[in-house]
Amino acid sequence: MLKVGIIGASGYTGGELLRFLQNHPQVEIVAVTSRQYHETPIKKIHPHLRDSDLVFKDIAASAMDADLIFTATPHGASMKLVPEILETGTRVIDLSGDYRFDDVKTYEKWYGFSHENPQEAVYGLPELYREEIKKANLVANPGCFPTGALMATLPLAKEKIVENVIIDSKTGVSGAGITPTSVTHYPNCSDNVTPYAIINHRHMPEIEQELSKISPVKVSFTPHLVPVIRGILSTVHTFLTEEISSSELELIYQKYFQKEPFVRILEEGEIPALSAVRGSNYAHVGSFQIDQHGRAVIISAIDNLVKGASGQAVHNMNLMCGFDEKESLDIYGMHP
Amino acid sequence: MLKVGIIGASGYTGGELLRFLQNHPQVEIVAVTSRQYHETPIKKIHPHLRDSDLVFKDIAASAMDADLIFTATPHGASMKLVPEILETGTRVIDLSGDYRFDDVKTYEKWYGFSHENPQEAVYGLPELYREEIKKANLVANPGCFPTGALMATLPLAKEKIVENVIIDSKTGVSGAGITPTSVTHYPNCSDNVTPYAIINHRHMPEIEQELSKISPVKVSFTPHLVPVIRGILSTVHTFLTEEISSSELELIYQKYFQKEPFVRILEEGEIPALSAVRGSNYAHVGSFQIDQHGRAVIISAIDNLVKGASGQAVHNMNLMCGFDEKESLDIYGMHP
Amino acid sequence: MLKVGIIGASGYTGGELLRFLQNHPQVEIVAVTSRQYHETPIKKIHPHLRDSDLVFKDIAASAMDADLIFTATPHGASMKLVPEILETGTRVIDLSGDYRFDDVKTYEKWYGFSHENPQEAVYGLPELYREEIKKANLVANPGCFPTGALMATLPLAKEKIVENVIIDSKTGVSGAGITPTSVTHYPNCSDNVTPYAIINHRHMPEIEQELSKISPVKVSFTPHLVPVIRGILSTVHTFLTEEISSSELELIYQKYFQKEPFVRILEEGEIPALSAVRGSNYAHVGSFQIDQHGRAVIISAIDNLVKGASGQAVHNMNLMCGFDEKESLDIYGMHP
Amino acid sequence: MLKVGIIGASGYTGGELLRFLQNHPQVEIVAVTSRQYHETPIKKIHPHLRDSDLVFKDIAASAMDADLIFTATPHGASMKLVPEILETGTRVIDLSGDYRFDDVKTYEKWYGFSHENPQEAVYGLPELYREEIKKANLVANPGCFPTGALMATLPLAKEKIVENVIIDSKTGVSGAGITPTSVTHYPNCSDNVTPYAIINHRHMPEIEQELSKISPVKVSFTPHLVPVIRGILSTVHTFLTEEISSSELELIYQKYFQKEPFVRILEEGEIPALSAVRGSNYAHVGSFQIDQHGRAVIISAIDNLVKGASGQAVHNMNLMCGFDEKESLDIYGMHP
């Protein structure tokens, strides 16, 4: 049994990690930490995990005796914890943005922190770095928007038929986390659509970094908050650099993702829907339509808390530990 | 492997049956029928069941070679199918209202059909009829409101401390089924609360029948449509016939349901939430508070499509076939 | 022109007061206060009031030169402001609970404050106290739940055909105010129904006070938060003390409210809907059905921010100042 | 008094026309027609218009004795009615797409009808054609998406700094009309985002027609259905042909719309919100941000049923009849 700890387990991503890990036959959860909820049973915070006997503890990673630790801590906090965990030989999957960037300067520019502890990390997108993840000690779990956006754009970069993309994303409110704010207040965000960080969301350089390792691509990105609990629908608009038909485009995607256990390419006439991936680790990618002016549209749908966070983290754990990739993640979306 | 067929599999309850059964290690799905979608792959109708190769067929039960058939057919339609299926020795779990009533006259009064084919059936609420269900050839799967309401009232009847109950239920819109109507049209039911069948919902006599077998109880029931996809929250208001404290009341419920795999009694200070049971077969029951005028309030939360329909049907199948009761149903709710 | 000030104008009730008052031909708004938003233009907080030049000020009532002041301040805060405003001869409509109770002990028991400054006040429900309101210097604007509940129960008390009522209310989230909390966080309250203060909401004694002045009635009250922005639907369940038909019951309500400008009695077959009163000062009352066990059901729908707060306050102002009762309030609900 | 008739008054746009016209001091509504609801009081269909005595009639325009008729009829139906109304000297505001196109071939290509009765019509966008509207006998009321999209793009065309635009719109479900479909069924569209007509929505050529009269602009347009009752938020992404700063861009918009009674340009730091324009005839336009790759983002928010349909139609009526432009439309949005 793999002994697993979760640091910062009281948020939504913590709850989702627990939802998947509690059913994982090769995992034993040895500790879940929360400063705020020290000694509180997790079911008081995660009401769906009713039968769990786990209790939040305010303890250090070193007191955990874990083989692998998920750090579901805020940006800027992970970097203070991760290096010393790694030193003890414990492997880490970090869900914050702290280790996602190759160039620490990019991180510092977009996150506004100076980075105290750069480490060698693998970007935890299995579709890109499966082999590296298997051997990694530190995996930087991707951001939610980059996960959805890369599903919709990686094949274009691979084929070198794209120079710039406009990504217009619509995200559910759980992406803002568990802490209430004016923006997430029901009367404000229900029956509304709210664009934010219109030209400067910090997930933009993350998307651009990964695409540009394959082919130079300029990424223009704008997220919108929509009255949805879970899910990110990303609409990619792009003028391809080669003339190509809609069915050729679909074929490129089918080929790129054909062996991927969690990516599904929709057929002509099907449209990605958040409900089809709700609660699941699947990404649905579709459209591939090209309009009269040559604009191609590719659309991806993921659950931001699963494929965009905790499900992908468990997928990474499965890879790192030699488990079946789909273990505990092989569940369907919940429609309706 | 149990060979299972589903008649009328294109609706929401059909989709949920498939979601659970596809992961069931002892079940093989041999046929799913739909008149409307004959020869359509199920993934075109149930977009979350993307990987399934099943295709809807417009075939008769007799052509199925099934050991057990779920009839997810409308009220009035099941009675035309079930008797001949039973004759061939195939067992049936019927999700309609056709076989829920002991007295066919009650059925005819409330459903407005004359009943052509009364059959011996067991009311499929495992918490009441576990042993009978195991041996039954025909199980009448309970209605969604009765399931939630009975979770909140059975212990009161058992203790004979109740003479009448007022049940004010709030249901998600999926309870209205997959067919669009003016009532389920988003602009009409979003941001709204709509009481309906205010004094004459046909689930009322079903609740009353089951309670009254234990102790005479008059049931006053009013359902409300709320802008929620899934879930029924039932608020039971009742003046108990004996003076009893809130903690004694909680104890009565804990004792009544203590061995039930899918019922959880919430502790003082906890309140049942639809999100805690979303997508799961659990019922949460709580409150047990008594106000200054002696009114007791008991509240239950279920997912209408799972515990209130397809999950309970799979639970019944597990019992009928000697499988582990929780097989394929042992999944947590999805919060948030 | 009536010179009007609003103390605590940055919340939802403040925004609604401004929405109505800005169109009122006999009103000049001389000051709107907010401690938090001192010197902020109101359009930054109330984005719909885009054309207003008003700016929040952190000033005292005495600096306002107002003929009438609305105190949209929290419970416990109003009592510290109101007496000295009254001393200067300025009339007050208080939207808090501080002056709603005849017996200061009831207030102190349910609100948990000791009351420093009891004053003579008129309970501002025009349907009950129209003549008293006209002459009042201090009007205590009713709570949102009591407003809806009284519309559905006053005629029963008047006829003395009721001894106890069970009121099961469903409220939109704006009723919780503008301050974000865990309960109002979108991922928590969307797709959910949350009962709260199940037996001890402080609006219960307010309802009971007003009914009991007419006839002794025991009130059992439970509110539920539903995923709706605005609106309260109150379902009143009661066993009447006299046998009466549904149509007689409807007639009692029609007669009771026949001259009321803002109450509408729905006909048989019509059901109150939040959308029909959304944004308007109307109360719709309907159902009047009586079930097989003698339980009568009466249902009312109001907009909690309008008839349940700011609209009713403007109605009170119109009465106090001899304006047309419906001035600036004569607008329809917004459906859909 | 202007005698006004509405043909096809039972839908959402009919309800909104009535909401505004009933308060209009210079208008008398002489007839509202509906084939389906002949002899039904309008309050049974439009529950918010409770006090109206109007009754739907299935009568011909010629039987109306109206000075002006709104045709709120489906595309393809209007063309069968409008010519003979015009012949009698009655003026018409048509809310369908039948008269929006200069070139009947474009209409036929995108709407799939052959056009039987082309007429001289003015495109009813007051910001473009105020003077022509005043004199018109037939006004073609613009589509909802074009209205929002043009607010966000007209100044760019005027300045000739744009060659192509990508318009990613998010629309509330009321835009789909009052007839229930699978797409508008609550369980399907709630908690979901659904792109549709991804490259071939018929509002695209309408936008392109109007922009291209000013300057050649290629329009790429994709609408998305979001779980919102009312409102369209349009996000325009474009690479401008001239280098320009964000503040210069804002200035261009301020100047272009400075005299418009129903367009508001938001300041830096403000973001258009559907709630700010909910129920009102205002359009809010903002953002004007330009990202590191030169993509400019302009965002507009309107209420699809008001500025995008019935409010704009009443605005057109006011212009045609020499009334105050803002008469009966001078109401604020409803936030929250």
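Labels A, B, C and D are assigned to the chains in the order they are written; within every chain, residues are numbered from 1.
By our rule, a contact is a pair of C-beta atoms (placed from the backbone, for glycine too) under 8 Å apart; a residue touches a chain by one contact, two chains touch by 3 or more.
All values reported here derive from a predicted model rather than from experimental measurement.
Engineer: Mind listing the chains that sit against chain B and also against chain D?
Structural biologist: A, C
Engineer: Of the pairs A-B and A-C, which shows more C-beta pairs in contact?
Structural biologist: Answer to which pair has more contacts is A-B.
Engineer: Calculate how many whole Å lie between the centre of chain A and the centre of chain B, each centre taken as the average of the chain's C-alpha atoms.
Structural biologist: About 35 Å separates the centre of chain A from that of chain B.
Engineer: Where the CA atoms of chain B average out and where those of chain C average out, how many Å apart are those spots?
Structural biologist: Chain centres of chain B and chain C, defined by C-alpha means, are spaced 39 Å apart.
Engineer: Using mean CA coordinates as chain centres, what's the gap between chain A and chain C in Å?
Structural biologist: 45
Engineer: Which residues belonging to chain C are in contact with no fewer than two other chains?
Structural biologist: In chain C, residues 12, 172, 174, 187, 190-191, 227, 229-230, 273, 275, 278, 336 touch at least two other chains, as defined above.
Engineer: Sort out for me which residues of chain D touch chain C in the complex.
Structural biologist: The touching residues are 12, 15, 19, 22-23, 44, 46-51, 174, 190-191, 229-230, 264, 270, 273, 275-280, 282, 284, 330-336.
Engineer: Write out the stretch or stretches of chain B touching chain D in their complex.
Structural biologist: That would be residues 12, 172-174, 178-182, 184-187, 189-191, 227, 229-230 of chain B.
Engineer: State the interface residues of chain B toward chain C in the complex, per the touch definition above.
Structural biologist: Touching chain C from chain B are residues 164, 166, 168, 170, 172, 187-188, 191-196, 198-200, 218-220, 222, 224, 226-231, 233, 235, 237, 271-275, 278, 287, 289-293, 295, 297, 299, 336.
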